[in-house]
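Chain lettering (A, B, C and D) follows the sequence in which the chains are written, and residue indices restart at 1 in each chain.
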Amino acid sequence: MTQFMDRTVIGLTLGFALVALLGVFVLPDWLMSQVLIAFSRALAVLGLVVLWRTGLISFGHALYFGLGAYTVAMLGKDLGVTEVLITLPAAGLVAAVVGFALGFIIRKYREIFFAMLNLAFSMVLFGILVKTEALGSTDGFSVEQPTLFGIGTEDSTVKLTVLFLAVCTVGWLSAVLVHRYLGSVLGSLTTAVRDNEIRVEYLGYSVAQAIHGKYVMSAALTGLAGGFTALALGQVDPESMVNWTVSGELVFVTVLSGPGSVAAPFIGSLLFELLRTYAFELVPYAWQLIVGGTLLAVIFFLPGGLWSLISKLGGRDRAAQPGGNRGEGER
Amino acid sequence: MNLALTILVEGLGYASYLFIVSLGLTIIFGVLKILNVAHGAFYAWGAYSCAFLIGELSTMGVSDLGTMIAIPIAALVVGVVLGSAIERTIIRNLYGRDEVIIVLATFGLFLVLEDVILLVFGVDPYFAFQPTLAMPGVQIGGIYQDGYKLTMIALSLVVGLISWIVLNRTHWGKLVSAIIFDSELAVAMGVNVRRVFYVVFVAGAVLGALGGAYIAPTISVSPGFGVEVIVLSFAVVVIGGMGSIGGAAIGALMVGLLRAYAVLQWPEIELFVVYAVMAAVLIFRPEGLFAPAKARKI
Amino acid sequence: MTAILEASGLNKTFGAVTAAKDINIAVARDEIVGIIGANGAGKTTFVNMVTGWLTPTSGAIRFDGRDITGLAPRRITRLGICRSFQVAQVFMTATVFDNLMIALGIADSHGLAVLKPLRLAEREARADAILRRYRIHEYRDQVASTLPQGIRKLLDIAMAMVAEPKILLLDEPTSGISVEEKFGLMDIVMSALKEDGVTVLFVEHDMEIVERYVGRVLAFYQGEIICDAPPAQALIDPKVIEFVIGDEPQGQAMRERAGLAPAGEGSDA
Amino acid sequence: MKPMRYAGVVGAGLAAAFALSAPASVAAKDTVSLGIVAFLSGPAAGPYGVPGRNGAEMVIEAINKGTLPAPYDTKGFAGATVEAEYIDESGGNTKQVSEYRNLVQKREVDAVVGYVSSGSCAAIAPVAEELQKLTVMAVCGTPRIFEEAPREYVFRTMSHATADNIAAAHYVKEMMPDVKSYTGINQNYAWGQDSWRDFSLAMTDVMPDAKVSDKPQFPKIFAGQYGSEISALSLDDAELVHSSFWGGDFEAFILQATPRGFFQQKKVVLTVGGVSAYRLGKRLPDGVAIGSRGPYGILVRDRDTPLNTWFVETYKEAYGEYPSGAAYQYAQAILATKIAYDKAAEAAGSFPDEKQVRDALTGLEFESFAAPVKMALGNGHQAITEHMYGIVQWNEDAGELGLRDVKVYPAECVMPPADKTSVEWIEAGMPGAKC
């Protein structure tokens, strides 16, 4: 049970390897590109799931998504740095640093105040970006072609494949790390903090610190997600990277996925992406209706998210972490 | 001097529509504890119905001034029909769920209602300018202000006054205040909370629709314009204190005046300033400037 | 004999209300102290000050000779003073076993050790042992929110004890427990505590419990200590009877035993 | 079994998605599929997206039937039937980029035509180059597209924003010679910023004595409410107001400014006003100067050429209204693509491949519905056309909007030469302009 390779880790490894193989050998470019975007977003959702287990939902993580995306884009545009081994970690780092700084304020808040304060901060960044002509205002600007180990490519399929494999690797690594984290003592202080902060304090651990740490973690993951998305799309702009609707979308996918497993964000995010694409294709006038309707349906009929459905179909007990399978409330 | 006067008039004009919309949002939050993202949809539906109705009335030969009757009709019909339907089918079944989940459900609802607008009213913008033609421009501070904007300020005063009277001077209003103060106690005292919830939700929806209906004649009513107002009215409500009527008024005034100042004097900070104030208020007074009194629970 | 816990000149005011007034006490190692007093007499304020939830307006608290005044609860916990609560503070959505595992995990981990796995076989064995000692092992896999009151209280105390504190403060361990269960519960607790050799202070309304389990009584009235004596003495002290016991359920019996019956009306706390 | 379940779930999902995506490509080239992108929702849908789509739809139908007037009366694109898929342009640039990728990679269209917003175009251009797909931009105006990088796959079949604003400056000089100072209200993105920059630069060339205001307004695109901005402009001493507002924003601005006597107080030049002219009708105040981004819409309504007459009449019959600028502009993009296909087929002697089509389109000169078009800039990828302005005058007898004092400016007067960027050219004093 306690060795590094537990069931979940094996599952994640097999799952990501399978997706990577499918991607390289079977999937057409467009689907690979969807998986790339979906898995990028899933990184952010992974962080939000950790916060959600702690009883916190942020309506402002577009702040970190945007910071990550703009970091990657600006490194290329202003400094000529396109090396993904630099730009992507930088995206996570910038988000983490800002998250760390804001965390000192935000960690004091709970419930709707936590959600709204995050929203306010993200809208401040949105307001700044929209009015900054040097960053293209509402238009944003294009991201330079990325390089890996200093090597760039003109071929879009090669570029896509490399990014795809990168997101699979980072996604796998993040999922495993978050899984290990959730199994650690500190990780148990997610549902524990949600359930009873007083008890946590009186057991000798600082609730503020526990929340701060998780907040920085989610910020870093969301920044990374933004960085990947910027590279995948080749474009950044405030409306699709920093506006509150982006935060809403992240929370949407979080709820869709459910807090049951670290694999859920990846599956939920992929489903969301496919849902949106097909809705957009089939009913271009009413795709929001389908997306919104799905959200309502999940809230009403699948309060534990997709993962609870998968678990039910799998017919297995899903107790993997302490209290980990009860993310949905009972508060 | 002219500048100050213009900032004041612009600020008040902007504040008054924000106030009406935010008032609906804040009473729903105060009583039901639901932060209703779908409020933006009430606003949009109010505007569309009003614009549509004004167009119809105008083609029927009703005078420009007469078409204003469409405003209260649209607000009431949208608020009551849409508000009731949503409360009965969605909101009612979510009481007791995690508040954040409820916010998200209303987000889903908002997406759905936005697209239903497209299906019902089409993608073409509506123009319902007739009422603005009925009001002569007035020269204030050296420039012409449209008379319609001034009536909007008056309307927000009236709405504010009526709300105050209803909440403080009527039996119903006292029930509502009691629930805002402590809903468990209210239940214990035999208040039919479900019924109050229902009425308040519908009243909030009417106010949201009224904000939209009243602004409709001054804008091109087009798809997607309900999005912006959501976060703006969130900001108003947060600044003022969630659940407080006075707070909504102060919040709307602050946002309105700040924005007017920014546009006229310092356009670069226009968007930034509102949310910066929202963040500052949350940091220093997380309950808002005028949060309503709450029962202390231990 | 050195005092393990020492309070000198403690005052606490909330606006115009005085919740603690010039409290001076010294508790010796292994003492079992009962804290009694009417509602609002300042008992819980005292506990809250000792455990860091409240900072005294003036005065000092010393633990093992070290000044702990105004430290945060988690620091005081780490130093070795733990507490239970009037309303059991447990992780409601977790099982009894997981509650203990989390408590043990935190107690075991310093610094970056919190990143080590929670579920270690050795830790699980300890959790089971503790559950057995507090006789709640049969509830091991039950979710805390579904537990009966008494079991939840035991779990609360067991969680307070995992850090192996030197001092344990129990805030009304028997409140909300039925008359039939209360001695059983206290027997379990006190025997478990005795094994660990811990100094115990507990707030209690029930004079029968006080009489049976404590070695020393502190009686609070309006934020002051009005009596500090062994129970045999304290429970017949007229001031205690007038200001403290008059309100309690067994007040009448106490009065009778003290030869003071029948009293008029109770105290006006 | 649990690990297998993780893997299985994802794998099954992907496989299902793949199955759903059954390839739509057709081996034989008897059809050409076009992805046509226009605002189908949002505030720009009514004034721009829908007429644009209508224009495209109508011309495609005529092309497939071979009923366009000569010399374009051959059927299809080099004989192949055109199949169009319409895509919504709203939702932000990043979404547009992913939709573009879907069009190219998933739906495998042969070419993408459209785009109204400069923001979309700026975002799409590099992606089009990356995915190597012929992309014909129909409307968007920012000159940056071909000035910031050479393009191989991207074309634009109408003049860019520089023409609007240089022509506007000339028109102001001609019609309002005593203007002493000017300000502007433009949207806060590439289009608005470029328009204002070009206009104010051109004014320093054309009317060096006129002063520019220090408080031009840049509200957010699709803001919808301009009360404060109108006040700010009113308080400004400048007599002339320049605006490149378009679509719903333009219409909202007009409706909000009119009751405040704004158009009596200020002289106004509206570079895209012509596009909304029919929709606003009498509500577009008399006396404002409007352009339509070139020889399109109301400015060429009465131009009596066979192509133009066909276009206006067919459109009016099909959609019950006069074709606005957007309808012309989309139709022009489709027409250009058809001509390129036909020409390439002729040169190759068989159905052309993509490269041949691009070569044919590069540097193409053709007679469009209302005026000649030359793909003269950006290595033959950017069109230039003549440009027009007029002043609004309500025609009481006809009950419809009319224009007076319509002026035509030749392409070489309002667009920079091939070897200079817009800003360089205007800053240099527009050397070599043939006006």
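Before moving on, here are some points about what is shown:
Throughout what follows, contacts are C-beta pairs under 8 Å (C-beta built on N, C-alpha and C of every residue); 3 or more make two chains touch, one makes a residue touch a chain.
Since the structure is predicted, the reported quantities are computational estimates derived from the model, not experimental observations.
Common neighbours of chain A and chain D under the contact definition above: B. In this assembly, C is the chain whose CA centroid lies farthest from the centroid of chain B. Centrality annotation: A (chain centre taken as mean Cα position, compared with the mean over all protein Cα atoms). The distance from the centre of chain C to the centre of chain D, each centre being the mean of the chain's C-alpha atoms, comes to 77 Å.
Averaging C-alpha coordinates per chain places the centre of chain A 33 Å away from that of chain B. For this pair, chain B with chain C, the centres built from the Cα atoms lie 52 Å apart.
Taking the mean of the C-alpha atoms as each chain's centre, chain A and chain C sit 44 Å apart.
Contact with two or more other chains is made by residues 40-41, 218, 220 of chain D. Shared interface positions of chain A, i.e. residues touching 2 or more other chains, are given as 130-131, 285.
Across the assembly, chain B contributes residues 118, 123, 267, 270-271 that each touch 2 or more other chains.
Listed by chain label, the pairs that touch are A-B, A-C, A-D, B-D.
Chain B meets chain D in the complex at residues 2-3, 6, 9-10, 13-14, 118, 123-125, 127, 129, 132-133, 135, 137, 142-149, 215, 218-220, 222-225, 228, 259-260, 263-264, 267, 270-271. Contact residues on chain C toward chain A in their complex (touch as defined above): 51, 72-75, 77-78, 82-83, 85, 89-95, 98, 101-103, 105-109, 113-121, 145, 159-160, 162-163. Those residues of chain A that touch chain C in the shared complex are 1-2, 180-181, 183-189, 191-192, 194-196, 198-206, 322-323, 326, 330.
Listed in rising order, the residues of chain D touching chain A in the complex are 1-7, 9-11, 13-15, 17-18, 20-21, 40-41, 86-88, 91-95, 97-99, 101-102, 105-107, 118-119, 122-123, 125-127, 130-132, 187-190, 193, 218, 220-221. Residues 35, 37, 90, 93-94, 97-101, 103-105, 107-112, 114-116, 118-119, 123, 227, 230-231, 234-235, 238, 242, 267-276, 278-279, 282-283, 286 of chain B touch chain A in their complex.
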